[in-house]
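Just below is one structure, and these are the notes that go with it.
Chain naming follows the written order as A, B, C and D, and within any one chain the residues start at number 1.
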Amino acid sequence: MVSFECDYIAGAHPEILKQLVETNMESLPGYGMDHYTESAKEKIRKACGCPDADVEFLVGGTQTNAVVISTMLHDWEGVIAADSGHVSVHESGAIEFTGHKVIELPGTDGKLSASAVRDYLRWFCSDVTHDHMVFPGMVYISYPTEPGTLYTREELEQLSSVCREYGIPLYLDGARLGYGLMSKASDMTIEDIARLTDVFYIGGTKVGALCGEAVVFTKGNRPAHFMTSVKKRGALLAKGRLLGIQFDTLFTDDLYFRISKHAIDMAEQLKTIIKEKGWEFYMDSPTNQQLILMTEDQMEALGKTIAFDRWGVYDSTHTIVRLATSWSTSEEDLDVLRSV
Amino acid sequence: MVSFECDYIAGAHPEILKQLVETNMESLPGYGMDHYTESAKEKIRKACGCPDADVEFLVGGTQTNAVVISTMLHDWEGVIAADSGHVSVHESGAIEFTGHKVIELPGTDGKLSASAVRDYLRWFCSDVTHDHMVFPGMVYISYPTEPGTLYTREELEQLSSVCREYGIPLYLDGARLGYGLMSKASDMTIEDIARLTDVFYIGGTKVGALCGEAVVFTKGNRPAHFMTSVKKRGALLAKGRLLGIQFDTLFTDDLYFRISKHAIDMAEQLKTIIKEKGWEFYMDSPTNQQLILMTEDQMEALGKTIAFDRWGVYDSTHTIVRLATSWSTSEEDLDVLRSV
Amino acid sequence: MVSFECDYIAGAHPEILKQLVETNMESLPGYGMDHYTESAKEKIRKACGCPDADVEFLVGGTQTNAVVISTMLHDWEGVIAADSGHVSVHESGAIEFTGHKVIELPGTDGKLSASAVRDYLRWFCSDVTHDHMVFPGMVYISYPTEPGTLYTREELEQLSSVCREYGIPLYLDGARLGYGLMSKASDMTIEDIARLTDVFYIGGTKVGALCGEAVVFTKGNRPAHFMTSVKKRGALLAKGRLLGIQFDTLFTDDLYFRISKHAIDMAEQLKTIIKEKGWEFYMDSPTNQQLILMTEDQMEALGKTIAFDRWGVYDSTHTIVRLATSWSTSEEDLDVLRSV
Amino acid sequence: MVSFECDYIAGAHPEILKQLVETNMESLPGYGMDHYTESAKEKIRKACGCPDADVEFLVGGTQTNAVVISTMLHDWEGVIAADSGHVSVHESGAIEFTGHKVIELPGTDGKLSASAVRDYLRWFCSDVTHDHMVFPGMVYISYPTEPGTLYTREELEQLSSVCREYGIPLYLDGARLGYGLMSKASDMTIEDIARLTDVFYIGGTKVGALCGEAVVFTKGNRPAHFMTSVKKRGALLAKGRLLGIQFDTLFTDDLYFRISKHAIDMAEQLKTIIKEKGWEFYMDSPTNQQLILMTEDQMEALGKTIAFDRWGVYDSTHTIVRLATSWSTSEEDLDVLRSV
């Protein structure tokens, strides 16, 4: 059985495990005060071309979204997101749990357009009676988006420009950031991301780590007493080394980007196989997740050797099936799929 | 430099790392649906003599307390804890963040007495006007307590009895459970803990794991849709295997208890060294943490070779210093301390 | 200057003030334990044909929505509402403040269709992976809706049926309940509302009271320790008599319905005036609020003698203007408008 | 039956009702935008000698505490209060509901000493590891305190000085402010209160109003977008006139202080009666609430003609009984008590 179910089916990249093993018996201070964590922060700042950025590590994606959004919003504010955004749909209400509304705007293929955001902000600010509403206090986007699409640099610049015009931060959820940046369709670097957003996170869980996400506050805008707010949300890891060592490894010799590129190469082969099989794409994705349409019969046949994800219902006879590659996908895995 | 600063200075027990390495490339489902997690649950149920218990894994201690307490309390309830309890003092308000009050009762040496709890509950229930107050809906204790003391079985039975009399759950925070149970002063087994409490957690972070705590709902009382509530609190780990594999290892061949016993053996030697040095104990602790009184001069001298924790202020000339052993403390570490 | 701005421009119906004055110096217990409050509850139960209903009084509408929704939802649940619903748009995130998501479904003219709700619930229940989403735990509707439309009895029966099928409560926000029920377009009585919903509130603030809303739990489903949860939300009024006496008066000799009918009669005349003036309706409303389209010039002219509400932007040259009648609207007020 | 049960047994002062009646049919804007509310604010600013203060009206005391505290605290902060403070004990956890801890320090006769606060703040700031704790971000006191005692001006100046030294606001709960200031034992004016605190509220509910409390932000420190935060907490009253007109009346010709003084005069007579009867005082109170000790037999006898409050248990044979006067207490009421 070979799995293309998602991009978190394997443990950690072997290089990471090696580092965890080698450093295991060192005595290190807790809560991220260790030198591996410091080194990881420094490497990330460098990779982002952002020497003054504040970098903080958290354990998982939903946690990161809830911590970042709720510590950056004011009491009277909510966060704008596409209606398909992860914070809108798939986090069991984690943002609302912190007392803030997700203001959902219609997205297109998972993306929020600058014009939709500008129209909303302009409308909101046009009328003083809107103080009975939640103030839009942040814009949340994901890169790649949930269905696997990408913002162009032009689009991100426009979003960034709208946010600056209205004085609210732009937050980018990079749960799969590496897979986005290494996509052939991407015209951006991580330095672009850092420049155009106010805060973003570099996803580790889905890109080679056992767990962990690196939040980058790019504009000297880390919330005050952030560690205490993290602890208050139950998100402070005692052995911060677990996150520090992993990201230190991922940002040594570009490992993060190399393994992301591997996943994209595998995805390109996957797309070729899909076409060869004559399977129908649900939508065109330039990243590591491919969505295709299948009948029950097709799924039953495929399911004999391949694990996959039922992503959603398409129509009465077709299901949207997700096949994902990751840093851990091998040529052998593709061969098995090819021979189905 | 040798560290006795706390019990989370090292990575994971080598056996755990070995298992993580060996299983690393297996394709496993996420969110704790993998077979290692299932195996870990089964082993814990067995160790607890509690075949029907629900076992759930979370990442850290504060997170576990916040998740368990807030999902088990009713809207109108708070949790009773000793004024020195971890939830009362050292969690940055994580319980209050979920909307619930910690009702602090005076403890003695970190322990909450059954009579103090009964008096409070009796008083609360004696007067209908108390419906302008927070209802006591749970009792929280820790084992060992924060300063390292232990409840006797008799004491735990009394607390359990009070809780049952008033129909509220007894919750035991076992961040250092192994070190408590393996103490020579302990007259309890994990089966006693499971029998006498309604819910407790087995601490992994401080007892050999990189991270992770195992919550045991002992009475068929796991809150409904627990996984969704966990996700809502940002506490659901995508790669649940990281927790499952660690606890599966810890509960194979009694590893959890063997390494806990090692820490206690080291603590016994530590106590002997302290006595030999003529250092004054702040209080007598039968577990892995020893609290002693030191002057600035003494701390300066000690600090040249030994890392330790300044636990608190004692008086104008003395500080309470914590020296802790753990599963990772070695005879060599003690030798260094002995030769200071 | 005559105001048609909204339906809360005047104080209280004179009969209410008279009762407040007459009872003013009576010594009464606090927190709704007085006999006027008890009498009001009994009259409301009778009016609803619901002898076993629990009736509770709160101060305002947003407060009522937040208290009712957050005490009835489970931790893992949110509330379904139309995207134009008051809880979705105009309560500054009061529901989210309690930690729960408002699941917004597209409405038509402010109404939520039973089929839209059924489709959502069916879809949600179709897939176990939806446990990463907020569970739909209640359906919220308003009667009349925010733009002034009404559900037919048939529509309410269908919504009620869907909710029962899926085992979740149907909650009706009756901020302007009287104006809905007294509309010529209404085919329902308050007994129908009580029968078909699980909980609803009878709005006082907009229908003759200084403040106050009466929540009716129609199915023996008042949350446990409701008073304590109300107090916890800062919503418990010390002098509960203020609410009790007002609702006791409103439900004596059908005052509530008589003054509601008056507002509707005034609204019918208002519609005639609007037609005579040749003003364009934005939408057809059978209740006390009329929405019309006006240019800046028209608004400037009207504004010289009439106060009105700018409800929203229609297009670059037209604004949606709201003209509302209420229990306090007089023939003289209409005459002034007629003569504009 | 004559009631000395509490100070909210009657409706409103007749002068207030008169104003409500006279202004009843005026068309006024909602949400506190009316001219009576503006006039009330201006009169309060003048009474406080604080021309730049921001004054805001809320409905009740617990609501006011929750709104003020939660909008002024930062995310990582809690509020210091005496262990007997209203926010600590009698608000069903309303502060915790907003996500903030009440840090309870031992009080003496209901009062918090400046030295206790300074010691706590000094200790907290002495150690960086305290960032795992809730930061003390405000000091809450009540005047009079819950058992009826008063801070001297000297004591308030000291508290004020500690708060300024540590840069945190001092908040005074004046639910019974008038009864405190008019006490013969008081050496302060409302101008002193305004000068020495950062925010306080003038209680209306217990001093002549049907409902309502006036919050005074004395140092240009009203939280941004306060109205939206108030709405978010379900605390915004649609007919703000109800609060504005009441406070406008209370602050016309010193009515607030005159009726407060009446209550104190009545309390002085009450104390004389208590002494004449030979009843034992539980503690000496210079304000409108008197606490005495009674046996069951005594309470049974008294209860035949007098309503009173069982304030608490004293010992196995005695109950602490509260007898309160208020603006509505009459000479005739005292005569009845005298003749018991």
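A few remarks follow.
Methods note: a contact is a pair of C-beta atoms (placed from the backbone, for glycine too) under 8 Å apart; a residue touches a chain by one contact, two chains touch by 3 or more.
Remember, it's a predicted structure, so these values are computed and weren't measured experimentally.
With every chain reduced to the mean of its CA atoms, the largest distance from chain B is reached by C. A comparison of the A-B and A-D interfaces places the larger number of contacting C-beta pairs at A-B. For this pair, chain A with chain D, the centres built from the Cα atoms lie 50 Å apart.
Note: centroid distance chain A to chain C, computed from Cα atoms, is 41 Å.
Rounded to a whole number, the gap between the C-alpha centres of chain A and chain B is 33 angstrom. Along chain B, residues 76, 91-93, 97, 99, 131-134, 228-229, 231-232 each make contact with two or more other chains. Listed in rising order, the residues of chain A touching chain B in the complex are 1-3, 5-6, 8-12, 14, 17, 20-21, 23-30, 59-67, 91-94, 97, 205-206, 210-211, 228-229, 231-239, 241-242, 307, 328. Against chain C, the residues of chain B that register as touching in their complex are 70-71, 74-76, 99, 131-135, 223-225, 227-229, 231-232. Taken together, the chain B residues at the contact with chain D in this complex read 76, 78, 89-93, 96-102, 104, 123, 126-127, 129, 131-134, 310, 313.
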